[in-house]
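Each of the next two complexes has chain A plus one other chain: chain B in the first, chain C in the second.
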Partner chain A sequence: MSDNSGLTLFLDGEEVGFTRGESIFQVSERHQKDIPTLCYDERLEAFGACRLCIVELEGARYPVASCTTKAEPGMRVTSKSGRLEMHRRVLLEMVVSENREVDVNELAGYASQEMTTLVDRYDARTGRFAGGKSGTSRADDPNPFILRDYEQCISCYRCVRVCAEQEGDYAISVMNRGFDTQITTEFGGLLVDSACTFCGQCIQTCPTGALADIKALRAKDVEEPVEKTRSICPYCGVGCAVDIMTKGDRIVGIQPAMDGPANEGALCVKGQFAFDFVHHPDRLKTPFVRNDHGQLVPASWDEALDKAAAGLLAAVNEHGRHSLYAVASGRAPNEAGFLMQKLVRAGLGTSYIDNCSRA
Partner chain B sequence: MAQTNQQLIAEYASQEAPLLPLLHAFHERDGYLSEEALRATSDGLKIPIAELFGTVTFYHHFAREPGGHLAPRVCTGFICRMNGAEELLESLDGATGMPCSGRCDEPIPVLRGKQTLVGTSADALEPRDTPVPPPSADGVEECVFAHIRDPARKTLEGYRATGGYVALERAVRAMTPEELISVIDDSGLAGRGGAGFPTGRKLRAVLDAEGGPKTVVCNADEGEPGCFKDRALMDHDPHALLEGMALACVATGAERAFIYLRYEYPETDAGLAVAIAETEAAGILGDDAFGSGRRIKIYLRRGAGAYICGEETSLLNSLEGAHPFPRNRPPYPVTHGYEGTPTAVNNVETLSSLPPIVANGAEWYRDLGMGEHAGTKVISLSGDVNRPGNYEVPLGLPLSELIEQWAGGIRNGYAIQAVTMAGLSGGFLAGDDLDVTLDEASIRSKGSFLGAGGIMVFDETRHMIEVAHSAMEFFAEESCGKCFPCRIGTQRLTERLAGDAGPADFTMWLDEVADLNLTMKETSACGLGQAAPLITESLVRYFPEVVRAHVAGRLDDE
Partner chain C sequence: MSNPLKDMEKPDVIFCIGTNMTECHPVAATRLKKAIANGAKMIVADPREIGLTKLADINLQLRVGSDSALLLGMAHVIHREGLVDEGFMLDRTTEAEAFLKHIEEFTPEWASEVTGIAPELIEEAALLYGRAERGAIYYTLGITEHICGVDNVQGLCNLALMTGNIGREGTGINPMRGQNNIQGAGDVGAIPNNYPGFQAVTDPANQAKFSKAWGREIDHENGITKVRALEQAGEQIRAMFIDGENTVVTDPDREHCERALESLDFLVVCDLFMTETAEFADVVFPATGFGETDGTQTNTERRVQRLRKAVPPPGEAKPDWWIISRLAQRMNFKGFEYSGADEVFNELCSLSGTYAGLNWDRVEFGEYQWPVPEEGHPGTPRLHEDRFINGRGIFKLIRYRDPAETIDDDYPVWLTTGRRLAHYHSRTQTGRSEGLDYLRPHETLEVHPDDVAAWGASDGGWVNMSSRRGSVRIRIESTTRSPRGTVFSSFSFNDVPVNVLTGSGYDPVTDTAELKVCPVRIEPAIEPTGD
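After this line comes the complex of A and B, so read on.
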């Protein structure tokens, strides 16, 4: 391996260190340069589409995209200048000119405000470069999760790349070329007929809300502000970190935590979209036990546990300890799984224990 | 019996660069690319179906409806429009247009499957051989055209009778890569496809690059409007190209080479296939070149209609079967090219220049140029001149001399109004700036470049807004859609030249166009987006009054 010690370049006149393989963009991020970008997602391979992250490089005739340019020793980089800011503003004016709307609801997705924020930072709602609009929305796609509003699409291909690079699903791709470019599935069909697993990763990386969370947007007209609460997805033992979005006392949506140590922004369809049970009228809120007439009635935990213990004991007494078989939930974390086998082995005296993932 | 899906897949799956030939096989067998064929391809070559579908839609010529393969495609490039292409398109059943298809020195080409017909009306279309280049003026000595007018030259026998494969045999038997490269270095040869990178340096970079196998790729995707030189070279002197590629293989240590040929040249495809088979049968190329034990295998691959595939990294993606977006550079193909291996990508004319350079020496080649300029350049001259065609000129020749003396001057006695440079990519030259010599230094001093050497001539009767509009429309249609400035900018400039959109106030119109030009030029990811604004920039520079009238005309319409 090459020696990484002592590598430096000059960033806006200041000598800074870097590691071999880092891009100029990554080095600049570490130094809070706040370089604008729309096609960059740190989890994905740098793509170089939006050109907003251009920087000036001494000796180069034109600016270079900092995301796709590797840092080299001795480079002299300018991250902000009149020329760069002019180009960035023109690029954002161009982007605004191809879309129908600039403002989208924050419930649309994790990154959905990126374009709006940049457009406002660069004061780019000038109405210049007016002309044809790009993208054809797929309002006919009946899936209940992912809104495919391509009229808002700016062809940054983050969705296509996250689907391929992060998920390995390759459900979506790019069709046609130039201004007719369109995000598509195989043969232009519906998501449900494609390799899509509805993990929602495309929604969360979309910087314009073109791909949006249909379930979260149900609450867009609710007046209260969105609050986010960090938690852990309850579905399986992986422990994906999520931000639970609430308005008032109701959960309105889930966003993956980009800094979640187990998932780094990833979620599956259940963690992403299956939260309706929380407020569902049929949801069980207390244990139920059968009364003498065989009817289920609400009970306290003590009553319910006593009843269960009595039932298990009766079975052991009548049929022996190996008449029992326990299946631990795949949703349980290691600690709960440990306690379960402890109960079964030490308490009930059998080793018939398994996990629902293989049972 | 037509081959089954499985037979076709089995035939191609084990080959190098299998996707394009397999798709062409389905396209020709079924007359279109059916969903079934694409699903079979996806399974057979392990390409995700969504990705394969997207990639197929990128190309102009893959038909997705039955019968589409044989439906006529009429060239609606610049020069053909001047010759009535739009009327011809109207009069042909089921015909669609295609961008400049590289026959600007002939009547309008119509492509039907694997055959090209030419003519100006639906009832008078005929196959016709590629025109032989007109003789050089005053017998000026040529390099790549020296033997091209000899009809026997396209056969192996005829090629050998005029000195062919002598250079290769010497290189294979008696020269080290270093010796070969130093001859090329000394000749001053630079890339003739447009970028002008010194050829010796490129070959040395591949030779010196770590890793392998090394690869040579011939860029024969001659898609630049107004360029038709490579087709003449390949049709009339195919062995010169093969010998040049083989020399590049010796210089770099490569054992495999690809020709990436544009879809619109089906006759060239057939001719090259014959030439490759002849050389392999004769033991010149193949597994044991000249009995030396050296393997030099040339594969012929046909594109499917995409200008951007002439950009070398886009070409490599296309060859690999990936979506043909250009790659980010660095790394460059000399270290990370075809399938990530060190690859020399060179143009047809560059490679065809190698055999005479190696045979006759570096000094001979240098001296072909005028003054301090080394060597020659083939210019594809078309438009309003009396003798359009390919001319191999000494670098440094005055443009006016080419037009007046070599090509017989402007048609119908009109005055010249403007020319394009580098096909379209160099924008226009007009007025006093027509007083240039044909070499990069002179043309770059006017803000343009010589590039691949396509020059289209427009006389004083041509409407420059219309010319500029159809140029920008071409770039918009061919923009790959990856980077924002090119994808949106080419569209906005096209709309402004069409008069469909943009400010009605002249000053505001100029401001918008200037901002688009500058941002496209300085921030686009590849040459397409960087070059397209040269059209509008030079239009405004040379024809401000025409532009003013165009913008004012919009105001009148409203």
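After this line comes the complex of A and C, so read on.
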């Protein structure tokens, strides 16, 4: 690390340290410079497409993209100036002019507010460059997860890059250039016929809602505000951290936790989309006990707990401590498993307990 | 896993065996893809052509159930070519000499006979792993769900020990755990041989500790496994309490399992849904699920993370901790007066060496991987860095054993079972979530096109598949993902209860069922009429 010590540059007049390999953007971000970006996702290789992140370098004629320019010792960087802000505003006006809508429902995806937020910050809803069109939407794709509204696409290629770099799936790519640019699958077909695994990563990185979460948007007309609660995916053992999106008492969608220690923002189709079971009408809402006719019928907690305790104890009293067996769940929280084993050990002094790992 | 998930981006040689990672642990697989993009080489051993196959440099398409022979053959080559890490073997292992002698007889030609893989490929794979700077092994149930599951795991340990590929970044022996908290279920002592924190039941010191903590004598002897308990149902075992498991569908030999539950005097089940298993119960408790409860859960890399409540549960459903502790109270058991999940977790930490340095507040952000032996300890992302828990790594002299049942004239086809990306276990959750059925609406039997033709069946047509235990009707999917003579299906769909067929045998040490191998017979059938 010795070649990293003492590296400094000047950022808006202040001398700051950096590590070799860092971009100007990364250094600036560490110093809360709040440089606007649109094609940037910190998990991906910087791409330099939107040019919103431009900064001025002493000695350079034109501003440079800070996300793709490496920090060098002694550089003198200006992150904010009248000229830069004007450039940024014009760029935003042009970007947004190609889109059908500026306002995007926040349920669309994790990054879906990025463009709208910047357009408002730069007061760029002028419509000065209206007329262009971004891409052709794929309303014909019947997949139930990913909305493909390419009229909202700004060609930041974050979706293509997240699919390739983060997922390693290479399901989508870019076709044509300029106004004809179009994000597409290998043969221009449906996602289900491509290499797509429906991980939803492209939805979550899209800054305009061009790619959007169809399942979450089912709740777009529900009045209540969106709240997020951090938890862990209920499926496999990777343990991806998620933010559960709720409106009132309903789970309306899932977003990956970008700082989740196990997943660092990634999810798979199950963690991303398979949550409706929580509110499914089949959920058990009361205890059930078997009645004298052999049928399982709803019961109160009192009744069910008493009946269960009596039934289990009857076996123990008649056939001994080793006649009761407990099976803990590999799906339930640690507290459940702990208490299941405590029930037989502290209650009966046996270790007649197992979990579902053997099958 | 011996190593953290982030280490999956670090190996220069990856060896995946018996793991369909792109479908079963997709997010972990993305990390391997990054390692490959950075130049890592990958060996994949699997009977089928799976997602990983396309990414591999060496593919070892072995006959189902022959893994241990492959591992012996590879060890033979590594030794013969002088690729063993002598320093590591000397400093950190025992039985090395006996092991090196033991593997002399297991030539790649012998392994080829058993596995059906060309000897040159076995050599190539052995050389690649043997020469790795950082070699990492990943496996799942394709290794353990065999009668020789323990041997398979030990075969993998032998490879890592002889090459010193353990205890360093980007190396290790890494089982990927299937269920969200199956790691935790073992950690907290829900196993017949260990108290919480893997403290052996048979150790008198542990027995004394827990007897004192809980104020009663506890047996010196291990309990019995679930497999044995089901066998003894109606005899020694008269009552069961099952939490959150659809035993009837996910366990092998469904009929045997149903008979076992029926023969109980009393059954209590706790679950989210009225599952096939709950239907057998005398009392069913409604439990809270995802997003409805506070708690903790431990992932495959031993990371303890917090679960949080986001919405109220339906009706009167209650958290598991509440249900179990209230039931225990009504049974007049002492020490179950909890008022929240935090109290339960803190008691667990106070009794478990591996969680000793944790408590409810400290796991808030999920940054700890156990063991965390005392407060202030940073956790242990990587196991075995300086030493093994028991001092030295022990080589085990394993041999190849045939599966419990092998193919013959009556049952001439190998069936192997597994999981699908879009669904999970018995589909109680994914089957009730909109859209997942778009990706996989029904079950199919994956059959090689040549076999489809030879059996007089057709792509999309129906067949009867029978084993020594039962028979199911299933739709054919003609695909080269299956090799000739081997077919594949998952057990996720209730209308194709594949576990009616399985259950030929169990590992003698762990009682793990041989779900990955089952000889079957396949005959064309007519389409079932839906009723």
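In this text, the second predicted complex is superposed on the first by the 281 of 359 C-alpha atoms of A that agree within 3 Å, B and C clash if a C-alpha of one lies under 4 Å from a C-alpha of the other, contacts with A are read in each partner's own complex, and residues count from 1 in each chain.
As a working rule, contacts are C-beta pairs under 8 Å (C-beta built on N, C-alpha and C of every residue); 3 or more make two chains touch, one makes a residue touch a chain.
These numbers come from a predicted model, not from an experiment.
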item	value
A:Pro73 touches, of chain B and chain C: first, second, both or neither?	neither
Touching partner for A:Gly21 - first (chain B), second (chain C), both, neither	neither
Chain B versus chain C as contact partner of A:Ser194, first or second or both or neither	first
Which superposed partner A:Ser155 touches (first chain B, second chain C, both, neither)	first
Chain B versus chain C as contact partner of A:Gly347, first or second or both or neither	second
Touching partner for A:Ser323 - first (chain B), second (chain C), both, neither	second
Comparison of chain B and chain C by chain A residues contacted	C
Partner chain(s) touched by A:Arg331 [first = chain B, second = chain C, both, neither]	second
Residues of chain A at both interfaces, chain B in one complex, chain C in the other	none
Complex contacts: residues of chain A adjacent to chain B	46-51, 54, 62-63, 65, 68, 70, 83, 86-87, 90-91, 94-95, 97-98, 128-132, 134, 154-155, 157, 164, 170-181, 184-188, 194-195
Of all residues in chain A, those that touch chain C in their complex	142-145, 165-168, 192, 197-199, 214-215, 227, 229-241, 244, 246, 249-251, 260-263, 266-271, 273-280, 282-290, 296, 299, 301, 304-309, 311-316, 318-319, 322-347, 349-359
Residues of chain B defined as touching chain A within the complex	35, 48-51, 53-55, 57-58, 306, 308, 323, 328, 330, 476-485, 487-492, 495-496, 500-502, 512, 515-516, 518-519, 521-525, 530
